[in-house]
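Okay, got some structures for you below.
In the two complexes below, subunit A is the common chain; its partner is subunit B in one and subunit C in the other.
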Partner chain A sequence: MAAPHRHATMQSMSNGGISSGSDRPQQHSQLSQQSPGLRVPSNRKTIYDRHLNRTRTAELSRASFAFLFGEMVTYAQRRVTGIQDLEKRLNEQGYPLGLRLLDLLFYRSTSTSSSALSSSSTSSSPPNRPLRIITLLHLIHGPLWRLLFGRAADALEHSVSPDTPNEYMITDNDPMVNTYVSAPRDMSMLNCAAYVAGIIEGVCDGCGFETKVSAHNQPTELWPSRTVFLVRFGDPVMEREKVLERAGVK
Partner chain B sequence: MGATSKPAILSSSAMFGSMSTLNNPNLLKMSYYFTILSPTDTPLFNIAFGTSKGGGDGIARFRFPETAQYMNQFIIHSSLDILEEAQWTNGGMYLKHIDTYPPAAAYITAFLTPSGARFLLLHQPPHLPSSTSTSGSIGSSSLLGTAGSTTRASSSSIAANPTSPQTEEAVRQFMNEVYESYVKTAMSPFYKQGMEIKSPVFRSRITAAGKKWL
Partner chain C sequence: MPSNPRGVFSLIIINKAGGLIYQREFQSGLRNLSTNDYLVLAGTFHGVHAITRSITPKIPIAQPAPSTTSTGTAAPAASGYSYPNPGVPVSGLDYLETDKFRLTCFQTLTGTKFLLFTDPLTGGVDAIIQRIYELYADYVMKNPFYQIEMPVRCEAFDRHLGAWLRGRT
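Take a look at the complex of A and B:
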């Protein structure tokens, strides 16, 4: 019902407010205050009028998530030839989400009490941006995982090999994205958590840590869909890490 | 240079201190230039406004002539090197006052979002009516610094002294409010990182935040 009304008003604006706008004068004046061409939702709430904090009741259903994610995998698969290509596409879909989540995560931890930053929000000091690799990985392992999946990741390890000091591993015993995905036998290498790997990559990149992240199947008897996210930091990051360590930055 | 010019500055600052007691309202009105830069230094949003607190009219009056407003952008961008240095030693989002450009008495305050967007605010105290010659205007920057500390006791110290704790706090509140609007913009599915922010609602939010805190 709301849409036709709006159309009527918009029309009346374009032809000088002569004909159909007369029965809704108030709405007309409100619209003309806004700049032309801006479409406002029928409840007059732009994204700037909504608050960003999640309430307990606002959680999404797992079924709708599974459906959406299934569609995303299908969409990606229709356009690729190999498994690697498919994982790359999923990764690219996750990347921008990671960048956004980073800002959202910090915003939510800054204003824990309410969305209004107005009066007495000075009590809690905002969290720090991660400057070192370990702080960044803890941020992903803990707060980010809780924001996405409602629990922390299961393990965080550093590569033991002296050749690859830039490799870290984050383990999830039962990734939620793979709960309703079973890859066909000829695609057993595929891990759709490449999407989550993309999110991690976005978060690292956003913080200024150039990274490549990939998802690998490492099933155990207890956890058949156990996934390891291999995080490989670039050389500039490792160099900066050394400088920061010498400078004593935490 | 310092040894010879210092006494002159001191004496004239005393003169300025007496001038500010004359209650010239124009002396306390700051001009602000706020800009958001993407992690790759693309300008996403610009706005200029003036002091609204204490009877200010909210109109920016920069020292540059109308034809040279690009100087603001020039000064802000020149502080990016310092920002990128400070970004790896200070983990906070609000980096406070990071840079000063004495020839224009411009003070730069920075806020860094976790995803790498930079909010930069340039404050510039108004031009002194007394300093008309070009050599005098260079000295006036240091003049204003000392003059600000003498008038700190006055109620509208936000405008008077760009580096006082009150100002830092007011700017912090302003930045936090901008950050909230920025996150909302970034969460929109039609917005990609690095895109210019064109929303008139966003602009009005920033204007309101400026009116409220600065």
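Take a look at the complex of A and C:
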């Protein structure tokens, strides 16, 4: 039920972007004979002309991210009914990013492992999409975290309780998104890393693993903003996992 | 907490309207004023600061001469120094010193004032204030839950400020 709703919101977002851009092509039409709405720089290199690996090692300003993320939180905070609602909104903001990041992640991991680039991608072996839960979680814990934050996550655990074999935990001792965020005292349960939880959820969904991910505060003396991402796989995923285990698929 | 080797007593932050938005002691056992008194102190200082700025002597050559600092001996106003460049804006009270303590005021471009109470012998006060300003810019201004001009209640700011001042020796 959640998936179509989410795609609908993404669609409306992209539509909004185009319509708002098409308001003002009149002023620029003499300068650049381009399709309305898409403004092309003078050297005709749009963001789509760039190689995807160009920004691979590029660094972003942490301050500008902090301000942008702060605005996202402020935006999500409008018209919310409570902490859970706010976390849900942040989660929904991260979800589409996760879906897209997955493709980028695969693209980059294959283009580095084999020297053959996208031209021969059809002939070379398809990217090793994770089929098992552990492989997927290792992908998130390692490569995804490195892509987003420049380092691997700090821990990956499986729930010890026999009642919840579908629960896994990814721990980040000092989540980058929360560096400058201090929630007010009456919202101490809030964790803005719900945005990152949404990204994880998007990555898992993109891989075909139905999941719910939530972020929880678990501060320690040394790491006051330590966050645990609780990954809960759906029942169909667990069923498939059993079948795959019997079949010996890795 | 052991006595701070840097001799930093306390910090007050005043918003651009003269309201107290942050107040914190860095040494235990300091005699505390009541909250109301701190508010009055902040408001008064804000007013005095504005006065010191407006009494800066203006001479027709647009080259401010050294002022006579006729007001209070304890507060040598920054306006007393001559500015080689007339384009430099007039600053108000920069510091206030007595035998027992020194109050340094740092005003940001947006009008927020940082008041630092230190021991008169403490050196490098400018560097300390600069670092506090940096922490403020990071952990207060980048916090999405902070409402501008309102009292600062940011746990991360408190934590980093305390840790940094304790770590400096």
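Operating definition for what follows: the second predicted complex is superposed on the first by the 187 of 250 C-alpha atoms of A that agree within 3 Å, B and C clash if a C-alpha of one lies under 4 Å from a C-alpha of the other, contacts with A are read in each partner's own complex, and residues count from 1 in each chain.
Simple rule for what comes next: a residue touches a chain if its C-beta (ideal position, glycine included) is under 8 Å from a C-beta of that chain, and two chains touch if they have at least 3 such contacts.
From a predicted model like this one, the values you see are computed outputs, not experimental measurements.
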{"item": "Touched partner set for A:G208, first subunit B, second subunit C, both or neither", "value": "first"}
{"item": "Touched partner set for A:E71, first subunit B, second subunit C, both or neither", "value": "second"}
{"item": "Partner chain in contact with A:A63 - subunit B first, subunit C second, else both or neither", "value": "second"}
{"item": "First, second, both or neither for A:A183, with subunit B first and subunit C second", "value": "second"}
{"item": "Touched partner set for A:L131, first subunit B, second subunit C, both or neither", "value": "first"}
{"item": "Of subunit B and subunit C, the chain that contacts the larger number of subunit A residues", "value": "B"}
{"item": "First (subunit B), second (subunit C), both or neither touched by A:R240", "value": "first"}
{"item": "Partner chain(s) touched by A:R50 [first = subunit B, second = subunit C, both, neither]", "value": "first"}
{"item": "Subunit B and subunit C contact sites that coincide on subunit A, given as residue numbers", "value": "none"}
{"item": "Contacting residues of subunit A [partner subunit C, same complex]", "value": "63, 66-67, 69-74, 77, 179-185, 187, 192, 224-225"}
{"item": "Residue numbers on subunit B that touch subunit A, as the complex places them", "value": "39, 87-89, 91-94, 112-116, 173, 176-177, 179-188, 192-193, 199-202, 205"}
{"item": "Subunit A-touching residues of subunit C, taken from the complex the two chains share", "value": "138-139, 142-145, 153-157, 159"}
{"item": "Sites on subunit A touched by subunit B in the complex", "value": "34-35, 38, 46-48, 50, 52, 96, 99-100, 102-107, 110-111, 115, 117, 121, 126, 128-131, 206-208, 240, 244, 247, 249-250"}
